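Encoded as C-alpha cells, the structure appears first; notes follow it.
Every chain is named by a letter (A, B, C, D, E and F) in the order it is written, and numbering of its residues begins at 1.
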Amino acid sequence: MTQAISRFPVPSLQELPEDIRTRIEQVQAKSGFIPNVFLTIAYRPDEFRAFFAYHDALMDRASGLTKAEREMIVVATSSANQCHYCVIAHGAILRIRAKNPLIADQIAVNYRKADITPRQRAMLDFALTVALQPYTVGEPDFEALKTHGFSMDDIWDIAAIAGFFAMSNRLANVSDMRPNDEFYSLGRK
Amino acid sequence: MTQAISRFPVPSLQELPEDIRTRIEQVQAKSGFIPNVFLTIAYRPDEFRAFFAYHDALMDRASGLTKAEREMIVVATSSANQCHYCVIAHGAILRIRAKNPLIADQIAVNYRKADITPRQRAMLDFALTVALQPYTVGEPDFEALKTHGFSMDDIWDIAAIAGFFAMSNRLANVSDMRPNDEFYSLGRK
Amino acid sequence: MTQAISRFPVPSLQELPEDIRTRIEQVQAKSGFIPNVFLTIAYRPDEFRAFFAYHDALMDRASGLTKAEREMIVVATSSANQCHYCVIAHGAILRIRAKNPLIADQIAVNYRKADITPRQRAMLDFALTVALQPYTVGEPDFEALKTHGFSMDDIWDIAAIAGFFAMSNRLANVSDMRPNDEFYSLGRK
Amino acid sequence: MTQAISRFPVPSLQELPEDIRTRIEQVQAKSGFIPNVFLTIAYRPDEFRAFFAYHDALMDRASGLTKAEREMIVVATSSANQCHYCVIAHGAILRIRAKNPLIADQIAVNYRKADITPRQRAMLDFALTVALQPYTVGEPDFEALKTHGFSMDDIWDIAAIAGFFAMSNRLANVSDMRPNDEFYSLGRK
Amino acid sequence: MTQAISRFPVPSLQELPEDIRTRIEQVQAKSGFIPNVFLTIAYRPDEFRAFFAYHDALMDRASGLTKAEREMIVVATSSANQCHYCVIAHGAILRIRAKNPLIADQIAVNYRKADITPRQRAMLDFALTVALQPYTVGEPDFEALKTHGFSMDDIWDIAAIAGFFAMSNRLANVSDMRPNDEFYSLGRK
Amino acid sequence: MTQAISRFPVPSLQELPEDIRTRIEQVQAKSGFIPNVFLTIAYRPDEFRAFFAYHDALMDRASGLTKAEREMIVVATSSANQCHYCVIAHGAILRIRAKNPLIADQIAVNYRKADITPRQRAMLDFALTVALQPYTVGEPDFEALKTHGFSMDDIWDIAAIAGFFAMSNRLANVSDMRPNDEFYSLGRK
C-alpha cells in the first residue's frame, strides 16, 4: 500500500512540460529520488516555475547567512506552522548542510534549546516573529539583529526565507504534501 | 517631505535590469504611477522576477474564482496580517474589480459582516484558516467548500493566493513597504 | 434593496421619546444623515441616554488629547475588535478631525506603521493593551506614558475611551450595526 | 496601613457635586459602606453620572434574565478579564441574589463546571464570546440562544451587560480599583 | 440531592487498599472531612500513592519558600488553568497558611493586583510562565528570579510545584473533580 | 566538549541513595546508557521516587491503550509544549514500540497528518485538548471518545498521561534537560 503524496492530482513525468520534467530529472539524478514537492507543485506548471525560481533565488544566492543557517530558518518556522513536508525534508537538508545529526530535531522541537550560537538564536527569534507576528516587526527587531552583526541584506534574507516558507508551509498543509520516506533518515550518521 | 517607501535601498529605474524596468514602465503607463511594491522588491532582481511571475500565475489565470473574489482573499488575509501595503493597494483593486466602493473596507474590518454571498463567506473562512492556522486544514474544510460548489482546482486557488500573500504580507511588514497615496481613494466613486 | 442596519428592531423617529428624537434630529441637521448608531441604540431609550451622555463626556471634554487623537484611539481599538461600525464611522471622523485623508486607514490596518508621532504611538500601544490585555496594566505602562508627557488625567482619558469603545464594539458586533454608506467616503478629499 | 483604592485621585464626599454625593450616601445607607467604584469613578463627575445611569438601565430593568443571572454574566466575563473589583464585588452580589454561597466562586473559576442550568450555560457561553471574540458573533450564536428560549430582548441584555462590564473591567484594571474588604465575605453564610 | 464528585467511579473506603484507606482516614481526622481529591484519585491506587508522595515531597519539604508562598503558586497557576478543585481547595489552604482572608481570591482573580511583595510577584510571574509558556523559559527568567534572592533550589521548587499542579489541574478538569463545600468558607474569618 | 544535561546540579551515582542508584543502574544495563531524565530528577530523591512510580503506574499498566499509543500521547503533547527531552527520548521509544521509523517525527510535527487510525486521531485530539485547554473538557469530548470505543478507563489513561507529561515537559523545559544523543537515532532502522 502506498500513501498519497498530495490531495490534488499528481501529474506523471511524461505529461509535464519539457522544462519542468528536465528540472525534476536533474533533482532525481542528484538525490536518487524525486522529492514530493516537485510532483505536488507540478500540478500547476506556471506556479512550479515561479516557486522554484523563488526558492533558488533565496536558498542558492551568495549571502551573509550560511546555507545551514538558511535551513535553520526553514526548519524553525516550518515547525511553528506544523508543516510535515518542510520540517522533515529541510530537516534532512539541514543535517547535511550543518554536518550535524542532532541539530534539525533540536530546532524543530524548540529552537531556544538548540545547540546554536547567540547570533543564530537572534536570527531565529526574528524569523519566528516574521512567521507568527509579522505585523509587530519594527525598529527594536532591527536593532537586535544589528547587535549580532547582521546587515540589512542579511535581514532581508531572513525575512524573505521566513516569508517564502510561510507560503510553502500553507501549500503543503493544504495539499497534505507527504515527505518522502528517504528524508527521515538522511544525514543522521 | 516625502516618506520612505521601504526600509531597504530602493533602486532607481535606470539601474534596474532591462526586463524589470520594462515591466515597471508598463505598470506605470497603465496605472499612472508605479506601485511601491515594484520598487521595493526590485532591490532583489531575481526575487522580483519570481515574485511577479508567481503573482501573475495566480491572479491572472482562468479560474473558478472571479478576479474580485481573488482580491477578497488578498484583502481578508492581509488584514489578518495587518499589512498596510496589501490591504490598501489590493483594497483599491478589489473596489475596482467588484465595482463596489464599500466592499474592501468591509472585508478589511471584518469579512464576516461584509456584503458577500454565503459561498464567498465560505471561501474567506477557508482563506483565513490557511492564513492563521494552516496546520489544522483537513477533510472538514474540504467538505465545507465542496458544499458551496468549489472544485479542487478552486480550492488550490484559494490556498495558493492565501499562501502567496502570507509571503507578501511578511515582506511588506518587514520592509515597511508604504502604499502609494493614490490607492487610498481609487475606486471609491 | 436596502440592508438592515441592526439585527434588533429599529424604532421610527415618531415613536421615540421627545429628548431622543430631538438629539437625533440635531445630529441629522448637522451631518445631513442619521448615523445608524443612534437608531440602533434607540431600541433601548434609557441605554441610549446613558450611552450618548458617556460618549460626550469622553469625546467632547477639554483634554490633553486632541480630538483627532481621541479618534485614533477609537479607530485602533475598534479595529482590534473588528467592529465595522466604529472603524468606518470613526475613521471618517478621524480623517476630518486630523484633516488627513490617509490616517484612518493606516491606523485601522496597523497603527504601528501609521504616520503618527512617537507620543501617539505610545498612546495607541497603551490603548491596545487596555483593549486586549487589560489585566496586565501596571506600573511599566504608566512609566512609559509619562516618558511621553502624558498626565494621569490624559491616561484616564485613553483608558476610558478604549473602555467605552470596548463596550460599543461589542454592541455593534452583536447587533450587526451597519455603518451608513456616507461614512466610507467622508474626509477622503 | 490602608491600601489605596485607586491609582487616580479620590475625591472626598464634600467636594463632590450634590447629586453624586446624594447617590453615594444612599448606597452607603443601604450597604453600610461605600463601594469603592463610586469613589473611583467620581474622579470624573460626568462619567460617573453616565456610568451609573447605564449600570442601572441594564441591571435594574425588567428583563427575561433574573437579577442573579445578570450577575452571573458580570462575574463570568469579569473573570475572563481578570478584574479584581468586578469579580469580588459582583461575586458578593451574585451570592446574595442567588442565595447560594458557592455559585460566585464556581463561575469565577470556570463557569463550565458551575452548578448552573443548561440555559444558563448557553447564556454564559454567549457572554464569553461577546467578551473575548465579539467579532465572531453571528447567526449560529443567535440560533443556539433561541434553542434555550432566549428572546431577542434577552440577547440584547446579555450582550449589553457583557459590553458594559468590558468597559468597567478596563477602568478597574487601569485604575487598580480595590474591592472593599467587606465584599469578600458577603453572602457566604 | 448530592452532586457527583467525579465523572469516574469513586471507590468506597472499605474497598480501598489498607495504606490508602489509612491515609484518607488520617486526613479526615485532621480536617473533619475527606477532601474529594483523595476519593477521586483513589480510583487508581498506584497513581494515588505516587500522586500524594509527589505532593508531599513538594509541599511539605523544608524550602526557601514559605508554605503560604507555595500555596500562592498553586492558586495562581490553577486559576490560569481554570481548575475548580485546586483554586477552591488550595485557596482555603492559602488563607489559612497566610492568615489572610483576602489573599486567595486576590491571587485567583489577578495575582498582579494582589497584596503581595515584589519578590512574590516575581515568583508568580515565573510560575505563570512555567504554567502557560514553559518552552520560553531561559536565562532572563533565572536572572529576574535571582535579583529577588531566589536560589536555584527555590527556583526548582517554583517550577516543580507549577508542574505538579499542571498535572493536577488536568486531572481535576477531566474528572470534573468537585471541591468539597467546606473549602469555600474555610479561613475567611 | 560536553554539554550540560541540566541547569541544576547533577548528582553522581555514588552519592545517590541506594534505591535510586539501583534503579538507574538497571536502566543503564537495559538501555546501554543512562537517560538524562534519571540524573536530572535525582537532584531531588523524594521527587525522583514519586516521579518514576507515577510514570510506571501509567506507562506500564495493563490498559486499553497499547504501549505505542501511550507514547503517541507523550510525543504529541510534548511537542505542543516544545519539550526537547520528551519529544526526542519518547520519540525513540515510540519508534521502537510501534516498529515504525517514521511515526514519531510525523506526530511531533503535526499529528493531524500522521499515519494513524481515526481512533488514534481522536485519542490525540483529546490529549491535545487536555494539554492546551484543559478547562474546556466536557461532555462532547467524552462522547467523541466513546464513539471510537474508548472506555472511561481508557479516557483516564489518556488524560493522566497527558497530565503527567504536562508536568514532565515543564520540569524539562525549566531544567534545560538535554536528551541523550543516543535517542535521536534509536529505532530509525
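Just so it is clear, a residue touches a chain if its C-beta (ideal position, glycine included) is under 8 Å from a C-beta of that chain, and two chains touch if they have at least 3 such contacts.
Source: prediction; values computed, not measured.
With contact taken as defined at the outset, chain C and chain F are each touched by A, B, D, E. Relative to chain E, the chain whose mean Cα position lies farthest away is B. The contact pattern of D-E recurs in A-F, the pair among A-F, B-D or A-B where over half of the contact pairs coincide by residue number. Inter-chain centre distance (chain C to chain E, centres taken as mean C-alpha positions): 44 Å. In terms of their C-alpha centroids, the spacing between chain A and chain D amounts to 51 Å.
One simple way to say how far apart two chains are is to compare their mean CA positions; for chain B and chain C this gives 29 Å. Across the assembly, chain F contributes 82-83, 110, 112, 135, 173 as residues in contact with two or more other chains.
By the document's touch criterion, interfaces exist between A-B, A-C, A-E, A-F, B-C, B-D, B-F, C-D, C-E, D-E, D-F, E-F.
Put simply, chain B touches chain D in their complex at residues 110, 112. Interface residues of chain B, counted against chain F in their complex, comprise 135-136, 138. The part of chain C that touches chain D in the complex is made up of residues 7-9, 43-44, 46-47, 49-51, 53-54, 57-58, 61, 81-83, 130-131, 134-135, 137, 142, 152, 155-156, 159-160, 162-164, 166-171, 173-175. By the touch criterion given at the top, residues 3, 79, 82-84, 87-88, 101-102, 105-106, 108-110, 112-113, 115, 173, 176, 181, 184-185, 188-189 of chain B touch chain C in their complex.
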